[in-house]
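Two complexes are shown next, each including chain A; its partner changes from chain B in the first to chain C in the second.
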Partner chain A sequence: MSVSELKERHAVATETVNNLRDRLRQRRLQLLDTDVSKYSAAQGRSPVKFGATDLVCCRTLLGHTGKVYSLDWTPERNRIVSASQDGRLIVWNALTSQKTHAIKLPCAWVMTCAFSPNGQTVACGGLDSVCSIFSLSSTADKDGTVPVSRTLSGHRGYVSCCQYVPNEDAHLITSSGDQTCVLWDVTTGLKTSVFGGEFQSGHTGDVLSVSFSGSNRNWFISGSCDTTACLWDTRAASRAVRTFHGHEGDVNTVKFFPDGYRFGTGSDDGTCRLYDLRTGHQLQVYHQANGDGENLPVTSIAFSASGRLLFAGYANNSTCYVWDTLLGEVVLDLGELQDSHKNRISCLGMSADGSALCTGSWDSNLKIWAFGGHRRVI
Partner chain B sequence: MASTSCSVKVAGETGLALAKSSLPPPRPKSPPPYPDLYGKRREAARVQMLEREIGFLEAKIKFVEGLQPSSRCCKEVSDFVVANSDPMIPAQRKSRRHCRFWKWLCFPCLSVASFCCCCRSECSCHLRKPKCCNSTCCSCVGSKCFNGSCCSNSCCCPKPSCPKCLSCPSCSCFRGCCCSCPDLCCCIPTCFRSCSRPSCLNKKSSCCSCNCNCKIKWSSCFKCPKLRLCCCFCNCKNTCSNPCCLAF
Partner chain C sequence: MEVGSSNSSGQLSGRAVDTRGKHRIHAQLNRLQQEARFLEEELELLEKMDNASASCKEFLDSVDSKPDPLLPQTIGPVNTTWDQWFERPKEAKRCGCFIL
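Then we have the complex of A and B:
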């Protein structure tokens, strides 16, 4: 076939692709007969109402000397690990506010941290493009440095997020600025699978966040600077199972909904969205324009235990909206409460039992929020 | 003699002229074009990828044809939320469940000030609700006072002085956070050292995202998150040198 014939085929194929994409978009729009807020309003759902002192800051974890970038809870025992620009990981007892470990990192520019399911190791990653694993039972040397027990190297860009596979201490997923996610075997330090990286098989921009499904540990979601979120099956890395469109800016954060069949996203376009995993439908958009009409990027999100509340941190001083996910309304701003953070909230995490929310901020502190009001018992 | 040679000569010339007239004039041709094998293969690869994409899109359309409408998914979400308890929500419950959240309030703590409020009947804390601030909120657009409780600490919000928008004099500052820039105006400082002037790539957003290219071949572009600044240090072997100081 000659080059001119190939070019003609190229033009025809491009037109076919555009037509098919348009058909797909139209068909999806036809299936969006309602969203969660309209449905719930029609069902007569009562709004969530918080009193002034219902959600309170119960603990302030002091110790970091730089911006806090990431935090993670243990599945049990109420411990938190946090990562900061000061180049340290700190492990906290969330109930007593005591620090149990302060790990000096070989590379200070850390962006993410995670607890293993058994709570005995922590992982972190950042601008050094590697994911470092530390055992909490290792003894520190005379300088207080805990040795790295394993280094997962292979990414060709910064490591933006890391998460252990649920109930598997030997496997974790990292997301990276090199547009891929990687599943690692921690015991060998080798890559098990690479998700994306080849043209049209995955993301076309930096991957910023990952989240695992609680109902199916073979599924995870990734969010990217290419404005999409992707669903991956760890058993089939060649191509994303589904791509979720809708956002108009970088998808900074993704989190599974508690039922494991929906997930939330937060983006630079100022919105949080709720998607259905199996159908790909965009079920709800959570957006509140500020007074200047500008869209504040969403930095981090977390769902409450029932999924009724969506906590969203924004890229301005201390704003953290609490959304009623059913009615699509902001019911509280943690940034307006007493003892709130003094700077941007960069990370959020809900405890395993849903009783407390931890927020990390650029003011170098972490805070724990819990319900402090009355519960009327009938 | 001369005439003979002359006639022979003439005959020879005449013969040559006859020979010349029977052949077509020479037409020098252009050399044959160099076969662009690379270009052809590249084009073929592009076509192959598009045809693969067509296959994927057709499969997606077939998948979407059999989907349930979003209202069914919304019902599932709503049913799940209603069916599950939530420690973070003020709600009436028919049965009293184990209050997992009391541990946050009732655990002995050195600082009483870390508790704003506490339960009364269900928890034996015996901590009283502290007195809320009596100060009135500053006149501040958007400030909020909750009923009978403290004003927001950030109620008085004097507008901080805006940082200077570097290399972009027509940028304006809002909310003291970042500058908004007209298109083609990078409000972010330029790249380091041997990097060429950044160009604005993303024309949609108000602040352009910039890339820079390293001129020196042996230096590597260290890709920074989010602002996508490419800081080209002459020696990027030490990845802990944090070239992303602006964005980090």
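Then we have the complex of A and C:
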């Protein structure tokens, strides 16, 4: 076949794909007879009401000397690892506010960090395009340098996010500016699977975030600069299970809903969205118009234990909206509470038991927020 | 990849350049055809899909079924660790790191 014939077929195939995408969009619109907030209002539900001192900042974790970019809780025992522009990972006991480790990184340009399920190792990645693993039982020298116990190299772009597979200390997923996600075997340092990329269907832009399902560790979601989120099955890397459209800007952050059958996203288009895994429906858009009409990018999100609350950090000074996910309303702004951060909140994480939210900020601090008011149990 | 013959000035012949373009277009075409198949499968699934209202009901049921420490009003059971952030620490330990 000649090049011109191939080009003709390419044009026809592009037209076919665009038509199919349009038909899909139309069909999905037909199925969207309501959204969560309209449905909840019709059911007579009213928004969550917080008293002035219900959610409080109960800890400020001081120690980083640069912007905090990422944080992750252990599955148990209330420890947090954080990564900062200062080129260090710090491991904290969140209850006592004390630092147990301060690891000086070989590459200071870190973007992400994660705790292993057993809490004995931490992983990080960034502009060096590798994911480095550190054992917390290794001895640091006086400068805080700890030997890297494993380097996961192979990405051809920055590592934007890393997450361990739930209950598997030997496997983790990374997302990258090279448009792929990779499942790694930490014990060998080798790639087990590549999701997307040049030869497989997947994202067509930098991948910025990944999140694992708590209920099914074979599933994970990725969010990308191509404005979509994808659901992947780790056992079948050749194609995404489903692609979720709707956002009009980079999808900076994705987080599974607590029950594992829905997930949330946050984007440069200023909205958070809620999607249903099984049907692919966009169930809700969470958007509050800014005073000056500009869209404030969403930097990070986290759900409360029931999913009733969605915490969202934005790319301005300290705003952290608390959304009532049922009614689609902002019920609180952590940035307006006492002891709030003094700069952008770049990362959020919920503790394993749901009793505390940790926020990390460009002001170099981490803060722990918990419910200190009167709780009514029904 | 086929390397075409080069002329005396070292430039690749048109045939080699043409081959490289052809492979790339072929790979893109394969991806598009694969994408079309995936989209057709998804369209078929959508024909039998429930409306969003069914998914919204599932969502509400899920939210209402879980205890939540950060809500002013929640179902039980309450976990005793929920209020650990407001209790006195059991023991104070010296900070373990050397820096700062």
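Annotations
Note that in this section the second predicted complex is superposed on the first by the 356 of 378 C-alpha atoms of A that agree within 3 Å, B and C clash if a C-alpha of one lies under 4 Å from a C-alpha of the other, contacts with A are read in each partner's own complex, and residues count from 1 in each chain.
Quick note on the criterion: contacts are C-beta pairs under 8 Å (C-beta built on N, C-alpha and C of every residue); 3 or more make two chains touch, one makes a residue touch a chain.
Only a predicted model underlies this, so the values are computations on that prediction, with no experimental measurement involved.
Aligning the two structures on chain A places chain B and chain C in a clash.
Looking at the shared chain after the overlay, A:Leu55 reaches both chain B and chain C. Of the two partner chains placed by the overlay, only chain B lies in contact with A:Ser160; chain C stays clear of it.
Once the two complexes are laid over each other on the shared chain, residue contacts for A:Gln98 go to chain C alone; chain B is not touched. By the touch criterion defined above, A:Leu326 lies against chain B and chain C together after alignment on the C-alpha atoms of chain A.
Touch criterion met: A:Asp339 reaches chain B, while chain C stays clear of it.
The superposed model shows chain B running into chain C at a single listed stretch; among 75-83, 129-137 or 165-173 it is 75-83. The intersection of chain A residues touching chain B with those touching chain C, taken from the two complexes, comprises 3, 6-7, 9-10, 13-14, 16-17, 20-21, 23-24, 27-28, 31-36, 39-40, 43, 45, 48-51, 54-55, 58-59, 95-96, 199, 257-259, 261-262, 274, 276, 279-281, 283, 304-309, 325-326, 353-357, 368, 370-378.
Chain contact summary for the complex, chain B toward chain A: residues 36, 39-40, 43-44, 46-47, 49-54, 57-58, 60-61, 64-65, 67-71, 73-78, 80-82, 84-94, 96, 99-101, 103-105, 107, 109, 114-120, 122, 129, 132, 141-142, 144, 146-150, 152-154, 174-175, 177, 180, 205, 222-226, 228, 239-240, 242, 244, 248.
The touching residues of chain A, when paired with chain B in their complex, are 1-3, 6-7, 9-10, 13-14, 16-17, 20-21, 23-24, 27-28, 31-36, 39-40, 43, 45, 48-60, 85, 95-97, 106-109, 111, 127-129, 157-158, 160, 177, 199-200, 206, 208, 225, 249-250, 257-259, 261-262, 274, 276, 279-283, 291-292, 294, 304-309, 316-318, 325-326, 335-340, 353-357, 368, 370-378. Only residues 3, 6-7, 9-10, 13-14, 16-17, 20-21, 23-24, 27-28, 31-36, 39-40, 43, 45, 48-51, 54-55, 58-59, 63, 65, 78, 88, 90, 93, 95-96, 98-102, 104, 140, 142-144, 199, 201, 239, 242, 257-259, 261-262, 274, 276, 278-281, 283, 304-309, 325-326, 353-357, 368, 370-378 of chain A touch chain C when the two sit together in their complex. Residue ranges of chain C in contact with chain A, taken from their complex: 18, 21-22, 25-29, 31-36, 38-40, 42-43, 46-47, 49-53, 55-60, 62-76, 78-79, 81-86, 89, 92-93, 95-100.
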